[in-house]
């Protein structure tokens, strides 16, 4: 099983466990989280870029993985990706570089999957 | 003198002092910082939104003040502003709220200045 | 007007502006924020201590001010306050000390108000 | 060997190496760290919850693993755990979710060990 | 009263209040904090630079103010100061710039005081 | 293949991918990053210590690994290493401890390699 698929399954399994624990506040937060990225006056792609850059400057690899996959689903180009990463790198400094490596790695894996006709989803 | 003008002058005065200190690395970083937000495959407005959301989740009021002013220069609407702030709030949590208050305050001051025909710049 | 009253008014005024902007996601997040601290299997005082320590290690003075006031409303003793601050200081290091100074300052102002028969609320 | 046991051993081995290096300041800090969570006017369980929530908003998986194990030793219930995680999620935002997944995973592993009659300790 | 003197007095007054609260863990942490910067195999000036850069990337103005004053006491040159700030800016990104402005401002105030024959201490 | 060699190769491979993407801002930032640690009025070893402590308080394992290797190349002693780690631990708190474990682990691996006559480089 590839790395992205492993991530997807662990995330799904743990989200299920957390959501089944009966804490209403947590459930509602998960719902708000999904809605924040839906198309509005800002396009969904722009919102995913906002999520990706926020995740990069806060340096969370799992969040980066999620948002790179979503950006690919929204049709991001390599140039758009690296311009956004440049903003993240300037704002957040060299401490973000290991996470930009991770983001570039995930982007590469997504492109590879597409080329092989495999689904890229989350 | 109003608060935004005071911010602009302090920022300008200190940047001048830092840049005149003769450290080449710092000078070049300042140049890269400016260029990262220039129009590319991503529009300047999108890049400013990326900078604003990154500054909000990292919770830096001076950076927020700067990027709100730049967003206004790029013609951001109130709805776009609050959709971006919603993403920042979801990613960064309630700890970002005092900074979102600050951002909303600066946005209000910019709108007020525009109504009075005063310049909004940085 | 005292500092805590000034804080309360600015917070109230900006919250009103943010909530009146018509962004549903932001409104709902504010509601979840309030509910997270309501009495549950954990007492309200414990939850406020969790909020205070979280705010201290994340180093947000406005959040600290808010949670110290709420802790006082829940009847926190000085000893409980400093034991919680000790945990925050150990987890977060000396970088939290300026914020622990702030927390101790706000606690002192709250105690002073109580002694004068003035309301301590948020 | 299971994941928690592996964590315990690596932690023990490296702590030993660090403490044997002869730096007095580091040794004393380790002692203060232990004492901060001892029963005082606040119960040990409350202090562990403070440590867990602080570790979650600061997003440190090893610290989370440690405090979840300690919370289980102090007899935390699932409901108490998720109420504390709700506070952490609200304060720290969606960026904490991967770490809340980790916390829920460790909690599950501890419960599983208990059911099998295996020791849960650190 | 000048800004640095105001900072010094508030810091002193609040430290006194915190230390008189009778929490032994907090008292001991303050002692460790002082000792960590004492001359060892690393010179005191190097340790103060470590404290200054750590405070800058963590973006704490009060900590920056303290360590700039201490660096001046240890005889730091402007060139050394800006080389250290360059490292902080590269590691921490543009989000550190407002704090580097603050550091440069404090350095300027210290130099000014020295020129006037006023004491620079903390 | 050992862990440090694996780190070196992944880092090299991903840096190559990022630098070949044609984003000029990113390329220039990488160049500035390298130059910031070159011998100046501050010795290269001091600058590497600044980078190591900054990486530790910001809690980035990959950055820590890189700077520990560089510190070894610059001839750091164990005592210097632990004095710097003590400053990082005091400033950053117990949340840095898992990363100080990592740093001590990498230092041990570097010392081991040297003893076996293997190269320690990045």
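Just so it is clear, A, B, C, D, E and F label the chains in written order, and each chain counts residues from 1 on its own.
Keep this in mind: contacts are C-beta pairs under 8 Å (C-beta built on N, C-alpha and C of every residue); 3 or more make two chains touch, one makes a residue touch a chain.
For clarity, every value in this text was computed on a predicted model and none was experimentally measured.
Considering every other chain in turn, the ones in contact with both subunit B and subunit F prove to be A, C, D, E. Repeated interface, listed pairs D-E, A-B or A-E, reference B-F: D-E, with more than half of the contact pairs matching by residue number. Superposition angle, subunit B onto subunit C, using Cα atoms only: 120 degrees, a multiple of 5 between 0 and 180.
For this pair, subunit B with subunit E, the centres built from the Cα atoms lie 27 Å apart. Inter-chain spacing, taken between the CA centroids of subunit B and subunit D, is 38 Å.
Residues of subunit E in contact with two or more other chains: 25, 29, 32-33, 36, 54-55, 57-58, 63, 79, 83, 86, 89-92, 94-95.
Across the complex, subunit E meets subunit B through its residues 59, 78-79, 82-83, 85-86, 89-90, 94-95, 97-98, 100-101, 104-105, 108. In the complex of the two chains, the subunit F residues touching subunit B come out as 25, 28-29, 32, 35-36.
Interface of subunit C with subunit B (complex): residues 10-11, 14-15, 17-18, 21-23, 25-26, 29, 33, 54-55, 58, 60, 62-63. Across the complex, subunit B is touched by residues 32-33, 36-37, 40-42, 46-47, 49-51, 53-55, 57-58, 63, 77, 79-80, 83-84, 86-88, 90-92 of subunit A. Across the complex, subunit F meets subunit C through its residues 57, 89-96.
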